[in-house]
Amino acid sequence: MASRIGTHFSVTIFGQSHSAGIGCVVEGIPAGKRIDLDELQAFLARRAPSGMPWSTSRKESDVPEFLGGLVDGVTCGAPLAAVIRNADARSSDYEALRRTPRPGHADYVAEVKFGGAQDVAGGGHFSGRLTAPLCIAGGIAKQLLAEQGVFVGAHLARAACVADAAWPLQGIGPEDVSAPGRKPFPVIDDACGAAMQDAIAAARAQGDSVGGVVECAAVGLPVGIGEPLFDGLENAVARAVFGIPAVKGVEFGRGFAAADMHGSQHNDPYRMDAGAPAFESNNAGGILGGISTGEPLIVRAAFKPTSSIFIEQHSVDLKDGRDVDLALEGRHDPCVAVRAVPVVEAACAVAVYDLMLEARLDR
Amino acid sequence: MASRIGTHFSVTIFGQSHSAGIGCVVEGIPAGKRIDLDELQAFLARRAPSGMPWSTSRKESDVPEFLGGLVDGVTCGAPLAAVIRNADARSSDYEALRRTPRPGHADYVAEVKFGGAQDVAGGGHFSGRLTAPLCIAGGIAKQLLAEQGVFVGAHLARAACVADAAWPLQGIGPEDVSAPGRKPFPVIDDACGAAMQDAIAAARAQGDSVGGVVECAAVGLPVGIGEPLFDGLENAVARAVFGIPAVKGVEFGRGFAAADMHGSQHNDPYRMDAGAPAFESNNAGGILGGISTGEPLIVRAAFKPTSSIFIEQHSVDLKDGRDVDLALEGRHDPCVAVRAVPVVEAACAVAVYDLMLEARLDR
Amino acid sequence: MASRIGTHFSVTIFGQSHSAGIGCVVEGIPAGKRIDLDELQAFLARRAPSGMPWSTSRKESDVPEFLGGLVDGVTCGAPLAAVIRNADARSSDYEALRRTPRPGHADYVAEVKFGGAQDVAGGGHFSGRLTAPLCIAGGIAKQLLAEQGVFVGAHLARAACVADAAWPLQGIGPEDVSAPGRKPFPVIDDACGAAMQDAIAAARAQGDSVGGVVECAAVGLPVGIGEPLFDGLENAVARAVFGIPAVKGVEFGRGFAAADMHGSQHNDPYRMDAGAPAFESNNAGGILGGISTGEPLIVRAAFKPTSSIFIEQHSVDLKDGRDVDLALEGRHDPCVAVRAVPVVEAACAVAVYDLMLEARLDR
Amino acid sequence: MASRIGTHFSVTIFGQSHSAGIGCVVEGIPAGKRIDLDELQAFLARRAPSGMPWSTSRKESDVPEFLGGLVDGVTCGAPLAAVIRNADARSSDYEALRRTPRPGHADYVAEVKFGGAQDVAGGGHFSGRLTAPLCIAGGIAKQLLAEQGVFVGAHLARAACVADAAWPLQGIGPEDVSAPGRKPFPVIDDACGAAMQDAIAAARAQGDSVGGVVECAAVGLPVGIGEPLFDGLENAVARAVFGIPAVKGVEFGRGFAAADMHGSQHNDPYRMDAGAPAFESNNAGGILGGISTGEPLIVRAAFKPTSSIFIEQHSVDLKDGRDVDLALEGRHDPCVAVRAVPVVEAACAVAVYDLMLEARLDR
């Protein structure tokens, strides 16, 4: 079916890990918007493998070529199309994936769903590589949002059971949300970050992997963005974020902790402030009835540990119908949540910007 | 915008709490399917206020009239339209909601978004009443799924900090998932249920409210349902479930707990079983790469505590621009998660059935 | 599948001729718009059977009840839902339609498509009755367009081979397009109208039927409405108009006559007029590249002769697999194009208003 | 907005005439389908300028590169993405188009709609070049349809007021519909074709252009494809065909001629034939109630004369606000309908195949 999200800022993602290229088509960007391509490239670079110990040593070039939609860096009203060339040669070694599914990956379910026709090399259309075009679209969405005073940023809130410092639910601004993304290791508190890196390294030394949580915030949202029922901010952001591989949970504001609170604690009361209504707290994470309140939108995504580990695992030979043991090789991130930080920003930005456009039709 | 979800089994919900009626239009149901209207009514009754201590004492009739799409209880290929009459008379008392927003509700954001034109009575289109038509569509989806061997059920996994017994991630079947829904209080373990009711009652006695978690499972899914990227099972189910008022978090399988696990623990290995590939565990909650694995689909929704409490709260008078104190009256559930159990089933069923139809186009 | 059209002003139609009711759900109407319900009723009345010789003598009540979306006649931002009760009792006489398909109707194709589950009474979901809810949505769209200075009207351009006077392609205004609709017989030139009525009556006396052409115009459109490729004004209007039963052709501007013209004749040159660019002609019918030019949008729809005639026709008995002769009874319009005039306006208005909303996202 | 059509076989077109490339993304193709790339290239070649007198002498290479969705020529279940490189260097000469709109083109309306940000070079996103990616998608759709026994073909039914021989409405098969496309000049009767070419040449010698009509047929359709109301075959095919530049009218079966017929003439009666129901005629053009009857689907598209002519025309200088005279240069087709023949096939195939997939969900 469609690998597409959004109605007004509509993003379609194509490509497989070892096809000629991966990319996106973004329809609906208003004409006349200047896109800062250097800023976009810097954003894409945050996602690319870095050679650092918490990352894979694979090389991936993420420099997109724009096939359409931009003229001298300005949107022209036609669909924006961007493609990133895949460098890796298609290898026949991947055929083993048809026979021996890797635990935690989609190999088996894709084999059944597509009857063996799926592209298995490098994970095909399920590959984490496909987060690169999502970041192209999301990076553009971030710029378009910033133009309207809305800033999206994220940090690695938790990794390998080590927690980062937290953002308060109120009072954070553009600088707060952007700061972690400027660091090599995207955290608020560098000491926490160092502890995380140690824990990740320890797992890596074992040939194992670890999970994490990415927290993302959008600040500066006006009041009134989002729709009731199925096109609210939670619905849209969750749908986008669950499109990132390895995400197993999404929560807003207090999230699952809200389930253990009393209404008298969780409700966000109102008081006048400088002549305008203001919230005394923001347990709602910036969203009521699916609609933005003007307070920071706070969302958290839970990432399972990287499925590709080097420890031997049980698998089966689908062709022969017998048990086999599988030991993977190659270069894999020990904690995908680290490089997923900009991807969560991208997903959030895509969803929010689509609803910002929608809101022009409210009255 | 659209209060609609789904591509093939497409559900549009209309109505406000005090409009003439609320209802849904469901497009795309294959023709020739018999709907058991008694079973549907029993499902709707699970959602309706029951007069029990954990529920509001409001009376709501949830008997739908089918305006189209069914002939003698069999789908005829035309859109199915159902409406439930709203009995409550429109009261002018609700005008106060325009001036004095209730904390935790959408009053304020709707006032800004719609410029005062929104229907405020009883919460308008944001009202929990709108979960009734979602249950009509979901109840039908449940029957259509059951016809194909897929059974959806849910239980109140947590309420007022008291936990129910848990479903194991593997080995549960139709009877397991259906059993809680047959009880007045929808839990697995009645002793836990009794403790929950006590805790809810305690909060109610304080004029306060509590939150909870609903866990829902779909068993009997074939392998291969769902699409990569943005139309996977997690995306679709999350989008539907976040359409239920008060939901602040959604997780699958191990959910947020997966973030604290190692890959060697979280991965679900394969072994042959009776000549077919089988999973040794189901930490993935039945979903890999957005696609069903055949194992139980397990999802959890976090419900914030009911926003309507009787304790005095800070609010503002939007017209006069000054602080006021607000004390609500009326009849409100002290824990919305209880009555939300069938609604979560409905949302899950709507999303899953849509993808079951989608899968007919795979090859 | 979906009986739905439009992205922003999204109209879903439900019901069958003999179901409890027929109606529509319209999502996306901006909040705060006042709908003149008397004007809407007058528009619906134009479509209803009138008892006049060119019309069926069936009685149809077209008074909608609004279930949601309006509060005191003002749109409230929630989906608008309207239903019209079907008065006719479901008759078992219609079962004959399952066995003996009426030539020109969808009886046979529906029997095959839906395997016999389709609602046959009165034509089911294929019935011309379903143009009533389209007129509810279209009547509302007309009012919303008029609020912005865009006026939609239509006349019976041709019936039973008799032509009405024509609108010039330029220089017509709101009064021109609205005038025919105020007459009992919707033509520009009443003498032509009288000749049409005679010709229709002659066919009716023979137990036969005739076809016609409805011409519709939208004046006052600003420049820039519509999108290139598949969401242009022609695409949207054609998709809507072909949703009216019996339409077999749609053309814009010079239409099929343009195929026989030279570029030097058909092109619409530019000249300055009162300091602004103006068109010297309007062969394009108000649309270039799918986008409005500001000139009158002119569209024509060809209606085949009513399929229900009283002359004996060849049919088959599907159950027994043998030839039979079919003689219909009942009350049928001898020329559906007459009562279709407001329906074409409705379809055009729905399509145009959706694109008017879309255009708010251009820059 | 979206340059996209289709729900199941969903085609998105991107690129501008002078952007780096033009292309399409096609989502929803079932996995495991082999695409004959040579056959596709031959189909694309039918559209490309040929250097013949009825065609422009511009050179266009239409060899697509597949970025995703195909593995060794077999669909893999991921979106198919194809791009054609644009060879022409972006020229600054096109800036004149911003100031001096060409009559019959979208220059002026695009300038207003996009505020000057639109890509003007070569017509930008409005260029006839964009029919190349439509032909990629349509060529693939044709092959997928042929695999199921449905064959789509077209001929130039009329050009410069000269008519080709006509297809009968019944009794045509795959060979009939494919034959014209194999000829350099796509007609049924070569003598008629020669007369057309003379008439086109005569206009060209005058620096003028002519219009035409393309007739397209789809044979071998099963009964039951298409939906009532807005997703019927007429709606879908018309929406696609009006996406081809220069189309001003679309009709099915008898089309506008049906408006002048009696019901007794136009209805298609039934008789048994070899034990199955059969149609005695096919005035309906293969469609009843939006649904295929099994008879040939016959559609006609009216093409206006090419807007680019060499005769001097009135225009304006938008910047200075004064009248100017415009004389175009360059290489332009004197009759776009000729090269549009395969494009109409492509549009028809895209629409029909989408509904063929839809029909899998009927029961």
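Each chain carries a letter (A, B, C and D) given by its place in the written order, and its residues are counted from 1.
The rule we apply is simple: a contact is a pair of C-beta atoms (placed from the backbone, for glycine too) under 8 Å apart; a residue touches a chain by one contact, two chains touch by 3 or more.
Not measured: the values here are computed from a predicted model.
Trainee: Would you pick out the chains that touch chain A and also touch chain B?
Mentor: C, D
Trainee: Any chance you could check whether A-D or A-C wins on number of contacting C-beta pairs?
Mentor: The greater number of contacts lies at A-D.
Trainee: In whole angstrom, how far does the Cα centroid of chain A sit from the Cα centroid of chain D?
Mentor: 39
Trainee: Starting from the mean Cα coordinates of chain A and chain C, work out the distance between those two points in Å.
Mentor: Averaging C-alpha atoms per chain gives centres 46 Å apart.
Trainee: Using the touch rule from the top of the page, what residues of chain C touch 2 or more other chains?
Mentor: Counting only residues that touch two or more other chains, chain C contributes 1-4, 7-8, 13, 28, 31-32, 77-78, 110, 113-115, 117, 125, 228, 361-363.
Trainee: Flag every residue of chain D that touches chain B in the complex, lowest number first.
Mentor: So the residues of chain D in touch with chain B come to 7-8, 28, 30-32, 77-78, 228, 357, 360-363.
Trainee: Provide the residue numbers of chain C that touch chain D in the complex, in ascending order.
Mentor: 1-5, 7, 13, 101, 103-106, 108-110, 112-115, 117, 125-126, 130, 158, 161, 203, 208-213, 223-224, 227-232, 234-236, 238-240, 242-243, 245, 247-256, 258-272, 275-277, 280, 283-285, 288-293, 302-309, 311, 313-316, 318, 321-323, 337, 358-359, 361-363
Trainee: Taking the touch rule as given, give the residues of chain C at its contact with chain B in the complex, in rising order.
Mentor: For this pair, the touching residues of chain C are 1-4, 8, 10, 12-16, 19-23, 25, 27-28, 31-32, 65-69, 71, 74-81, 83, 110, 113-119, 124-125.
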